[in-house]
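Notes to accompany the following structure.
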Amino acid sequence: MSDLLSIRGLGLKIDGKEILRGVDMELASGEIKGVMGPNGAGKSTLLRLLAGELQPTTGELTLCGQDMSERPEREFSRDGISYISQRPGPFRDLTVEENLRGAAQRGSLFSRKSVRGKVDRLAKLIDMERKTDVVVSELSYGEMRTLDVAMALASEPLLLLADEPTAGVSGGVAGDIVDLFKDLCESNRNTPFHLDGLIFVEHDKGTVFNLADRVGFLHDGRLVVEGTPESIRQHGVVAQYLSEHEFD
Amino acid sequence: MELVSQILFGLLNGVIWGISLALISSGLNVIFGLLGIVNVAHGSFYMMGAFLAWFLSLRLGTFWPALLLVPAIVGFLGILAEFLLKPVEKDHSLSVLGTFGVTLALQGTALVLWGGAPKRLTSPIQASFSLFGTGYSYYRILAAGVSIVALISLWFILERTNFGLKLRAVREDADLSVASGIPVPWIYSLGFGLGAALAGLSGTLVAPMVSITPEMGLRIFAVVFLIVIAGGLGRVWNAVTFAIAFSVVRGLLTTFFDPTSGLIATFILVLVFLLFRPNPVTSRR
Amino acid sequence: MFTGSKRVLLATFAALVPITLIGVFPLFMGRFQVVLLTEIIIWGVFALSFDLIYGYTGMLSFGQSIFFGVGAYVLTYGMTWELGLLLSLVMVLLSGALLGLIIGAVAVKVRGAKFFLVTLVGAILFHLVALDNRWLTGGDDGLLVPLQFGGVVDNFYLIYGVGLFAALVTLVIVRSPVGLVFRMIKGDKKRAELLGYWTDGYRILSFAISGALAGLAGGLYGYTTGFVSADFFHWSYSADAVIWTVLGGSGTVAGPFIGAALLTFIKESLSSTWGVIYPVFVGLLLIGLVIGFPGGIVGLVKRVASWTVSGKEGSTDE
């Protein structure tokens, strides 16, 4: 199996409403995939299914050849999937250091030294070494988002799922996050934080076409088209969507 | 023959008590089920209702005015409590703590004003008839009748008035409620007052049938909460069914066991139901 | 501004002063005051057991009286069977933890208001069952605890030592990696699960530790008063633990002791005429705390301290 992630016929029904239907998708090792589409197309739902937060009604989900469909949510993180949800997720009453430590200590609860080292590296990675004692509720929105990224990396995942990681974040910080993603995916396997794959949802076209190797377009719960940024622009539905959102 | 009439009596008496229980439960269902406020003080509103009914009956020399006056006073107390706790009413833990404070304050007030010795109120209707060989007061039938009228009125308010519509919608769609007239904070206040008034009415109706003590509210509160949660939040009619079912089961169990064992058995039954009731939600949340 | 280690030093110093003062208290005070202080320490341990599951793990439980009652009876039977105090207390701790595991495993299935209700009904059930089984509990007439202590002051130092031990163990737990997971679960259970933690397991663990502590308090109380009864299971004991913790400051180790001390002291010093209004006072106090000072006394002190010391720097839980 060369694919990092593979999903087949993934569907979700809630109260008789079909949110997702028959989605097929592969993610090759080292690939960055962008997911776009109009509001309510099922983009966030797709990520939540991949993260284990929701359970699919139909279809299968394999990570590194391992079937994940029936596993409890917490095992997704243990098996190498990290997830950044749409809303900032750090624990608001804890400090930056406690948040990082909480994310980093899973699996090595009592080896304080290695946890401490990892926390330091993460704080350095996101440039927050001076803010480790600050309580999260006092951080800016952009800082919370950046902390989200660091916490997601703490479990040293193979695959990162990010739901609008730069939405609502100021231009500079958003650029930093995008650059960080690029570095993590391009970096050597032996560097401390390395990503084998990234799937992200984004409204901002610029970010999608800049960051993604391949782009999927969701509409009404279906994956309408998938391909390289260049090829996908030509597709009818996508072209229409792009022209309607020219000034977003 | 003896056993059959015992069972029949247990059943009917259970239904009559169940209707009273349904009245106080429907009050909590408005507050907890519709507004989402965890109101631990609900039993205390019921207790205050019983005490006020006893007090007013002695002062006025007649029971009947209490049927209107007491719900009004207790409803006002409810509005006052909700006003105090407005800042924390969305937080489950804090509203449990806050309304528990209200419970202690009301219970303490009753103790200071009227003392801890059980009070008895003579029934306003003395006549009784024979029900399966046991004497049964007409007043109990009347109390059940008044409760049913109140429940139907509640149904009318919830389903047929503008206020009821807002009350049912306020939690899901706060914006919508703002847009269409009645300010949301008022809906919360009035809804809480309505729920408290129902508990007050229930307390008034049972006042001539039970011994009135400051602790009576706490005893009934857990039962009422169980009924509302077991029946499903916001589903007023389920709660009515459950209240009657609970009361009947309890009545039958106490026919065959001693009262304490009967109570233990009922609580275990409801607890099991509470813990293992399947959640009709598809997600893992 | 204080860096981490300086703050720890300061907190240690701030804790050592009252601990020392309490330690020398019996040298200067009369019998009545020593008995009162002994009782306060027991209530502090009891409130601390509640604080662990509420203030740290975020579960509002009214079931603490279950463990209080069980602890008291286990100690009574331990002493009756002449196992000695130490072994009896170990049995109390073990039975509290075991019961905590069992009740926790059941109660964590539900959340929010349902959880509160399940624990409350659990407490009511245990009370009823204890009342109903006189052969075991003596009902509301209770049982006498065979005593073996030398006197009021000896007993004080026993309770003082056990209380210190309980506070220290709790402090170590809440500052450990496990304690961090407890606090994460309080903040956002869903998110902790997403980070890979088996949150229900941690909640059950929190319950077990809390059960052991609450049982310990019950055992010590029975030992001190020489009498236990079915009323030890009454849920109003749970309610007391809740109020003490909220007043002193939930999510801190010192808070429960401060709250228990203050309210027990107030209750004892009210004359019989004013004693009647004590429940009203506590009720209004609780409302006021919930609205105005959710951090309790310790929270207030911390806020004032951070204003005066460093203007803005946020302080963390101790």
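List of remarks:
Should a chain be cited, it is by its letter among A, B and C, assigned in written order, with residues numbered from 1 in that chain.
Keep in mind that, in the parts below, a contact is a pair of C-beta atoms (placed from the backbone, for glycine too) under 8 Å apart; a residue touches a chain by one contact, two chains touch by 3 or more.
Keep in mind that this is a model prediction, so the values were computed, not measured.
Taking the mean of C-alpha positions as each chain's centre, the chain lying farthest from the centre of chain A is B. When every chain is represented by the mean of its C-alpha atoms, the one lying closest to the mean of all protein C-alpha atoms is C. Centre-to-centre separation between chain A and chain C, using Cα means, comes to 42 Å.
Computed from the mean C-alpha positions, the centre of chain A lies at a distance of 49 Å from the centre of chain B. Chain B and chain C have Cα centroids separated by 32 Å. Annotation for chain A: residues 52-53, 73 touch two or more other chains. Residue positions of chain B touching 2 or more other chains: 285. Remark: chain C residues 4, 177-178, 180-181, 183-184, 186-188, 191-199, 314, 316 touch chain A in the complex. Interface residues of chain A facing chain C in the complex, by the touch rule stated above, are 51-53, 73-75, 77-78, 83, 85, 89, 91-95, 98, 101-103, 105-107, 109-110, 112, 115, 133-135, 138, 151, 155.
The part of chain C that touches chain B in the complex is made up of residues 54, 58, 60, 106, 109-110, 112-114, 116-118, 120-122, 124-125, 128-129, 131-132, 190, 239, 242, 246, 276-287, 289-291, 294. Interface residues of chain B facing chain C in the complex, by the touch rule stated above, are 32, 38, 84-85, 87-88, 92-94, 96-98, 100-109, 111-112, 222, 225-226, 229, 260-261, 263-264, 267-268, 270-271, 274-275, 285.
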